[in-house]
Amino acid sequence: MSEIESVGAHRRNFLKSLALGSAAVGAASAGLFTDVATGTIGVPAARAAGNIKMAFIQWQPHTVSSAWSKGIEEVLKTQQTVDYRLLDGQNKVEVQVSLMDTLINEGAAVIFLQPIDSVALAPSIAKAKRAGIAVLTLNIDATEPHAAHVEMNHYFGAMDIAKALGDKLGGKGEVAILNAPPGIIIRDQRTNGFVDGLKKHHPGIKIVADQSADWSRKKAQDVATTLLAANPNLGGFYGVNDSMALGAVDVAKTKGLIGKLVIFGNDGEKDALESIEKGELTGTQYTDVYQQGRFAAAAATVLASGLVPATAFKQQGKLLMPYTIATKETVASIQPAQRW
Amino acid sequence: MNASIQAFGRRLAPQALPLAILVIVAAFALSEPAFLTPGNLVGIVRQVAITGIMAIAMTFVIMTGGIDLSVGPVLALSGVVTWFSLDAGVPLPLALGVGLALGIAIGMVNGVIVAFAGLPPIIVTLAMLSVVRGSALILGGPDLHSIRGQEAYSFIGSGSVFGIPVSVLIFAAVAIAMVFVQRATPLGLRVAAIGENERAATLSGHRTRLTKLSLYAISGLGAAIAGIVQSSQVHTASATYGEFGTELDVIAAVVLGGTSLMGGNGSIARTVMGVMFLGVMNNGMNILNVPLDIQLIAKGAIIVLSLALGELKS
Amino acid sequence: MDTPLIRGIGLGRTYGALTALADADFAVMPGEVRGLIGSNGAGKSTLIKILTGAVAPTSGSVEVKGETVRLGDPSEMIRRGVACIYQHSNLAPAMSVMDNIFLGRQPTGRFGRIDRRRQRADAQALMARHGITLDLDAAVGTLPTVKQKEVEILKALALDARVLLMDEPTGWLSAADVVRLHTTIRGLKADGVAIVYISHMLDEIFTVCDTMTIMRDGRVIAEAKVAEMTRPRVIELMVGEKLARDSAAAARVPRRPGGTGEVRLQVRDLTRTNVFRDVSFDLHAGEILCITGLIGSKRTELMHVLFGADRADSGTIEVDGRPVAFGSPREAMAGGIGFVPEDRHRDGLMLGLSMTENLVMATLSRFCRALLLDHRAIAARSTRSIAELAIQPPDGTKAVRLLSGGNQQKVLVGKWLNLGPRVLILDEPTVGVDVGAKAEIYAILRAERDKGAAILVVSSDLEEVMTLADRIAVMVAGRLVAIHDAEAVTMARVVDEIGGAA
Amino acid sequence: MTARSATLALLAFFVATLAFFWFAAPRFATAGNIENLMSGFSFVAILAIGQAFPILLRGIDLSIGAIVALAGMVAFDLVLILHWPGWLVIPAAILAATLAGALNGVLIVRLRLQPFIATLATLAAYRGLVYSISGRQLVPGLSTTPIRDPWITGLESYLDIAGTLGLSDLITLPWVPLSFFVMLAVLAGFQFMLGSTRFGRDLYTVGGNVEAARLAGIAVGRVTIVAYALSGFCAGVAALLLVARLTTATEALGTGMEMSAIAAAVIGGVSLSGGIGSLYGPVIGAFLLGTILIGLTLLGISQFVQQILTGGILLAAVAYDRVLFLRRQRRLTANLGEEA
């Protein structure tokens, strides 16, 4: 029920976000920002005095957030008037909340946020909105409406992975999930997406094991080795992130199972793409994270102009990043500059 | 009657750990035949190698009533530093030397503060945990640094000799070397003396502070070796490796091996058993696809139970 | 006849193979002050600990006012009005004097709030009654030891105890304080309190006690009215007739004051500020010099300086005529000094390690070949030591924890003999050692002396001093007040000097 | 009274730090920032108060992070699944936390386990328990459902002091979060208990000299169990404040908090050698850490550098404690001299 609703809402938001996003990107390429951004229309007086402050609160030090930050910086660098910095949430919701508070107090114009949890950061987002700050969420949406949300959808992505993985396996066989411990919502969305995806597209495939490997390539090697011993007929692995999938690849390599095992990751980091090219990793969900960061930054500059007050967002614009399920067949289309 | 049971228990108590390992091995083997395959058994050793190396290296520290919470970030830092060295074109032995020397140096800082300034090890190494992690992140950033085209380096973690993974061989070498140090060198006796009675050791003319300093250096070295093995095993180096909790796993292994956190008698060989015990547990529960929540509860319960049994004997 | 206030019946306590107390009967009447005497290791402390509930006996029972009580539970005994002043401090150092006096039983008011005012008033009344002055708000840990002892006394008195056990209460007190304490005791006695008074100072026993119980080797040997006893008889009972004979025999052993005449250790005007002052003496090769005195007369502190564990502020030490200044035990050992500490469990042995390991602990570097331990040489050394010292059981792999006190002590002595020191210092070498082992340790020391060793013994056990010494030095409150040739001095004279009466 | 003078020295250091950032860090000296400091670190202060009890007994409690998650998840489940009213949920969650703490105490007393290892074991076990009772896993829809119970969300409210006093036109005062008052209440209650009741004295005695305590008839085992139960209780209170702040609970809640609490307690002068320290110290320690973290963030200093500085401060605190100890020792020898 609620799923269908959310999908519906999704569509509507998608249109809205397309408009917003293309406006931002268009503006960026037209080089219009400096003028707009330095304008004082709607910008609180405190902010107008100095440079505009923007900050990105990441989940924890990680390749994805690092690439986002680079993408954001690339755009913001072109603006002399923006101070941008990256803050670390240390994988703790309460740290993210405290950083939000600090940024609100500091009078940031825009906060990029990769929330650890959709609900837990909602009160902070509401508070930021009251202070006239535009919040852009990255990848994880928040239950509180906010300025914009730029995401590579995890749930649908994982469903697509399930489909691709099932196709490779010919719709039957056994697979195992290399999972992460609960506590960050990405993990739940990807797991659920994968499970639902298999149910929908390939009901013949059985998930024989779902074990935690702590997001870690090393632990994934260990767990994958063990699972292969227990399940000799195992046909594939789904790693909830690329690191864990690459751990399974490492094992497949030493056991000479490359080509026999179907291994999918999630994220699309450059090591994973390289591995796909070498024919080791079967596939991953790829999105251009730099681009995602650039979009976010572009949207941010519009928002910072104050033309659209942060409080105006009853429902955030969603910018859905196009993603591809990168496999050997498609990986070549991803340019070196797009790899992170 | 009662007395004879007690006597029996006392005779059995030192063997409690090997017996417990046998029991769980048997239990897992019965419920999942795949458990006992040679591949899986080697796999278990490979899985515990990194924790094992650190646990072995930390055993001496714990025997003297100390603790080293800083091993996680040291593991990360040594991997990152070695990677940077290799990336800069430094020859492999030198790069490894840099990584290991860094581990020793951090251990020595711990050791100097603990042994010579007399500050509590748990807080000193907790502070160092924070300092070293911050330094590693400043140095390496949040990125995963891929190790490419370094066959010799990759061999450390991923190669194998006669079918035995090199990491297992390194683990075995460290274990044998440290058992040797404990049994055959004066350092082994000096550590035991400090653990049993530090005052008496000082009054017997031992340079206890220097000894303690060297033990923290050994622990740092162990973490650095583990860091190199891990980064080689996963073909990447990152400042975020050895995440929070690594040190607790290491300490749990040492304590399960019968070394008391209050200091005192301990043995490297038994630490190896403690490591294997945890390794077998993890492996068995993975193989039986036990859900994570039950795994954690079982792990906690088993640590409590096995230590309570050990306590019962005394 | 009245019921005794406290009564132990057939009390026994064993620790592994060691019997600390066997079949002891013990009773104290209201208003009675009973002296409990016996040499070290006679079982007095064990008896006291059973009576306070600190230790559960392995056999026997305890009655308070005729009622059998639950054993091994301190709170039960406190509830029944049995209080104790222990030899070792039982205070919480970071807490105030006031809190320590009422440890565990502060008077409380509403909401469980401690009634500070009442507590203060009670404490002041208590101090006034017993003529003790203390700063009630000072943290106990910052007080000098003598004051801490007074806190202990007040803590026990504050219990309104009907039975008060005192384990060497005067060890840290000055002569004036002792007099005051005895006045307090007489006052309590008049109130009908039963008091058990443990002391090594026969003077005190004869001054303050009505009756006495004499213990030896974990047994009660005799009970008597003080008025009916004489000192020589008490000493004879304490040490036993056999040892009395032995010591008579020992007395016939030729003493060698001055040894070979060669000065091994020369100490001149050695001073450690606030600890000891102007200590001077010579120790010769081939002699045993015993330094005796009260607990707290700073003998151990003096030894720590000689062994480099502490520093002197002024004065000189020479070994074999060469001035030395040891910065650590390690240096002292290199300089030829060996030191058998007083508390073998705390400072001497690694109890969990084997006998062999302990025996070579002070000489590890000698057993190294190319950085490795020479296990064969170690085993050989250990076997030889075990044989020479007649350590039982003669099994070097056994953990020292499992040995009896006497054999533990022999291991400790053996460890230092293995060093072959120019000067061997022993601090209370026979505490907690049974009579047989004692005699053996004396024999070992004499043999070493005869081989030309210079031996310095610190002992509070006068029998030991009189038996063992070639010369006797007396230390009082950080000063060396007299040095005698053992043959030329009586025990009575030494006792007088120890008490500072001279 | 050295303990008191140490607390005063810490307070002076805290004030100096505050003063430094007041002038050096932009927007530090604002009502909003003080508000952030209070709301962001009150729960840390409560955890530090709780941690002080085990440390006073020469123990340690590593499990409080997991207990925070446990209490949080109990509250989550009771509100969102069982629909209990908030006034019932609050005591129930605190009770669960207290029991978890008491179990730590029982393991330490009855099974004679070392506190470090006992609480290390329960750290794993309680986290496992959180995963198994997690409402987010049982009913996935709940992971995006905020808690709206007024009793719980009411815990995250602010008192407008200036407004209440009718001074809002004259002066801008920080709005004081309820969590700060809760922290004050916990502090007052437990400091009263520790400083002024028999139980408090018993606790100091057990921490200072176990043997003396036993001989004084103090039930050492009971005191120990209660101390760990109190640590759990504080974790429960902190958990509710966090849940109110986040409007949800996550499975990873509280990870690593034990280390912050231990650091705050030790910086606050609670000596690891037992029996020394008050509860004011840990509270000041927690806010000192908070001040430094927020101040450095406002100064734009990288969080990686912040980690290094935090470690340095912790070292300085124990070093200072050590200096005090040595000075006490020296005074003691000097005293002995006067008597001789």
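A few points about this structure:
Note that the chains are named A, B, C and D in the order they appear, and that numbering of residues resets to 1 at the start of each chain.
Criterion: contacts are C-beta pairs under 8 Å (C-beta built on N, C-alpha and C of every residue); 3 or more make two chains touch, one makes a residue touch a chain.
Chain identities (UniProt): A = Periplasmic binding protein domain-containing protein; B = ABC transporter permease; C = Sugar ABC transporter ATP-binding protein; D = Autoinducer 2 import system permease protein LsrD.
For clarity, every value in this text was computed on a predicted model and none was experimentally measured.
Annotation of subunit C and subunit D: jointly contacted by B, touch as defined at the top. Among the other chains, C has the CA centre that is most remote from the centre of subunit A. Contact tally for B-C versus A-D: the pair with more C-beta pairs in contact is A-D.
A straight line joining the Cα centres of subunit B (ABC transporter permease) and subunit C is 44 Å long. For the pair subunit A and subunit C, the distance between C-alpha centroids works out to 73 Å. If each chain is reduced to the centroid of its CA atoms, subunit A and subunit B (ABC transporter permease) end up 35 Å from each other.
Shared contact sites, meaning residues of subunit A that touch two or more other chains, fall at 181-182. Across the assembly, subunit B (ABC transporter permease) contributes residues 137, 291-292, 295 that each touch 2 or more other chains. The set of subunit D residues that touch two or more partner chains comprises 131, 255-256, 304. Interface note: chains touch in the pairs A-B, A-D, B-C, B-D, C-D. Residues of subunit A that touch subunit D in their complex: 2, 85, 87-88, 90-94, 97-99, 101-102, 104-107, 116-123, 143, 181-185, 188, 192.
By the touch rule above, subunit B (ABC transporter permease) contacts subunit C in their complex via residues 184-186, 188-190, 192-193, 196-197, 199-207, 264-265.
By the touch rule above, subunit D contacts subunit C in their complex via residues 1-3, 192-193, 196-199, 201-202, 204-205, 207-209, 211-219, 275-276, 328, 331-340. Interface of subunit C with subunit B (ABC transporter permease) (complex): residues 307, 309, 328-330, 332-334, 339, 341, 346-353, 357, 361-362, 364-365, 367-368, 371-373, 375, 415. In the complex of the two chains, the subunit C residues touching subunit D come out as 52, 54, 74-79, 84, 86, 89-95, 99, 103-106, 108, 111-114, 116, 137, 139, 141-147, 273-275, 477-478.
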